[in-house]
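Here it is, the structure in full.
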């Protein structure tokens, strides 16, 4: 066990401080070579750290680490279980692809916004790792603020009024979300005197203050996660950001808020909610699935289609609360993982499209040459995965969710899950339709620029990974189930 | 110490801030409202801590100190956004490329 | 007698806070709002002092009231508000679509409910974790001990929040024409130079004292950093600090000094401890002071640059 | 209540009165320069009186020195800020000096 603790300490340090040091070094040292390669090297190294950590966790079970050797409640704890492990893997894989893509993108004469990306993105990456490791309410608040500010900064890397307006709208929502979350933390602390997740269930008996805290924390996090009724900032912000930034915003940043909702509901606040409230959360998620998909069907710009698809796909995550079972747990985690990879692939491929043709309108997608074919293949495979068709990770996730819905006798969620898949198939087919040879011939058939090899292969590799996910569900399931809370509501 | 007076103040400040955030569309006004809400939460934290011990427990104090710095950071970034929006009318703002309606920078 | 006196003082303080908060949200002109907010911050500092938290009083006065108001004033003066001021305040329709009177009633009800819940929890407080470990710490000021040691991770991340805000502002600031600080009309004012020459050493000394004393008495790196930032703001207002359109390298080092020192400490601590961010048994005090110093410098430089809304700055006249 | 206490109370009250006058001037006077005029003078005296009163109560040399320092620093700060505000006002009103 002592050895396991040491592994956790080293791996956690690497996960949080590795990307952070990348940001600091790139900011201070003016060599372009560093900007292009350092992040990529570190993301490869972190995969190794995560691999070691995973096998350690498999033998030792969920783990906790008291920072500074100061035990909770005075000190801050980090904690790791299957859910956070999956989120860390998602972050690591997306980071690897984005760093590879950006290595090409940043090559040569980088402009101001590209230089900004090279510094701000590693900070965001570090904060996301910190957030997925966090097990302390106030620590979560601070990491969330880093994530939010970095995300806003990434949006305004794009020049122009549209991005500025989108960023301001984002900031207002995020600010309101932070304050609500902070109020919840204050209420919890006043009622329990504890901030650590592991100690909260015992210290926080049901009370009006605790219920209010649950309500405001959930509302605040929903704003950060762009769950359906408070999603208004997402499409503009994610569409406005530069493509690699859109990829991390859509694949990772909004996941952070949803992840925290699940973590808190199934952990510290487990005793505070009833099945009726869980059904309500599920209904909110279902509404998001339908609304986001319908909006995605109506958008004219490829990045906006993908952004609205995020609103829809996030709606699956709250379904875990009413379904509350180990199958639903696996399905939700798998869905988050799969969506993260697929969405990053889509935004990076959209970035290639804009880079090569300078045209992001939906009907402009076409296969001009071999490069274009690879790019469109990435979009198609990621689309298959989002729709949950058989060989993909999305299929496995939906399978588990459906299993949970029938096992708990809640067939209505099954309808939502299937309908969501069909709608996703519809908007992806609409996106791909012109490329399959049915679109109007484009006036300007020559490509503007050619994309680097890494730029082309990064989204394709991510998309292929979602297929790999589809074939190793049974192998990954025990990892996801590490330390899974099995709430008594199921 | 008058516990109820401070609790009422904290709740009142929060309500005023919430009203400001929801009622007005001016960005700086909303920012001020948000700052007041944050102050309200801090006040509540310290009042609760001070009701059991004097001086208040150091953990909530450290939380509030951290929170003050976080608040000033967010405010500062938001204000630079306002400044850029108000002061800057460069050509690429006035005439965005037609296909760039989503505001993408990848070209 | 003194109980009633204190209660009425608290009541007066609360009422004043509410009045100021209302006017800093709803006053008709932006500068008036900011002025009200400034006074609000100062009264909050008074409240912290009343509640027995002088560290917070210092931080609130220096950062909450001081730097935040300087930032707000700067933005308020620089941005024209033709479309935002008058019309928006007079309409009954609110930004979120609900009519303002309805919103006001809703917020009032919510405030009453919140007050009840807050009073209920505050009057039956949960047992706070024992402070024995904090009291026995080598740093005599428990707040500093918690900030650097027990919850040092939060402090590190909080520095990162500040740095990210600056990085974002820097990206935006590169698009602004740097506005050179104005020289006094009619030439250089000898009196201003005299005054600055007098206050510079005083403020430097005060900041270092606040930093040094913070180990054992109220004070600390953030308060000291904000004081130094105040000095920077003064230089800028006096036309002796010029914004730059780029970030010079030495400045970059200063900006990341705090986070960098903390991050290196976190990694290095794995050499002597099984958990990151553990203070060594020997030399904890020196380490804390070093971290504090790095923190103070980064905080000060970052806040000044945020005030200038510029990627960089240099001392000197135009 | 001893004679010293009474003296302290008298000094602090006098200081408050000066502050009150200065604030009245701030609220009632027509233009920024007149307001500054009222504010800086009244407040510097007011602060001095209050510091003196508190020094009498404290009755230690170190305490008295600290309070004196507070007063001096307060005056320095108010001089500097008054000068900056006045200059800004001059810039705003087109540079003419009255």
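Letters A, B, C and D mark the chains in the order given here, with residues in each chain numbered from 1 onward.
One rule holds in what follows: a residue touches a chain if its C-beta (ideal position, glycine included) is under 8 Å from a C-beta of that chain, and two chains touch if they have at least 3 such contacts.
Everything quoted here is computed from the prediction, not taken from an experiment.
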A-C compared against C-D, more contacting pairs: A-C
Distance from chain C to chain A - Cα centre to Cα centre, in angstrom: 32
Chain C and chain D: spacing of chain centres that average the CA atoms, whole Å: 25
Chain B and chain C: spacing of chain centres that average the CA atoms, whole Å: 12
Two or more partner chains touched - positions in chain B: 14, 17, 30-31, 44, 48, 59, 63, 66, 70, 73-74, 77, 81-82, 84, 90
Junction residues of chain D, two or more chains touched: none
Set of chain C residues in contact with two or more other chains: 114, 118, 121-122, 125, 128-129, 131, 134, 146, 150-151, 154, 158, 161, 164-165, 168, 172, 175
Interchain contacts, given as pairs of chains that touch: A-B, A-C, B-C, C-D
Complex interface listing, chain D residues touching chain C: 73, 76-77, 79-80, 83-84, 87, 90-91, 95, 97
Touching residues on chain C, where the partner in the complex is chain A: 114, 117-118, 120-122, 125-129, 131, 133-134, 146, 149-154, 157-158, 160-161, 163-165, 167-168, 170-172, 174-175, 249, 252-253, 255-256, 259-260, 263, 266-267, 269-270, 273-279
Residue numbers on chain B that touch chain A, as the complex places them: 14, 17, 21, 27, 30-31, 34, 37-38, 41-42, 44-45, 48, 59-60, 63, 66-67, 70, 73-74, 77-78, 81-82, 84-85, 90, 92-93, 96, 99-107
Contact footprint of chain D on chain C as seen in their complex: 182, 184-186, 189, 191-192, 195-196, 198-199, 202, 234, 237-238
In the complex, chain B residues that touch chain C: 1-20, 22-26, 28-33, 35-36, 39, 43-44, 46-59, 61-66, 68-77, 79-84, 86-88, 90
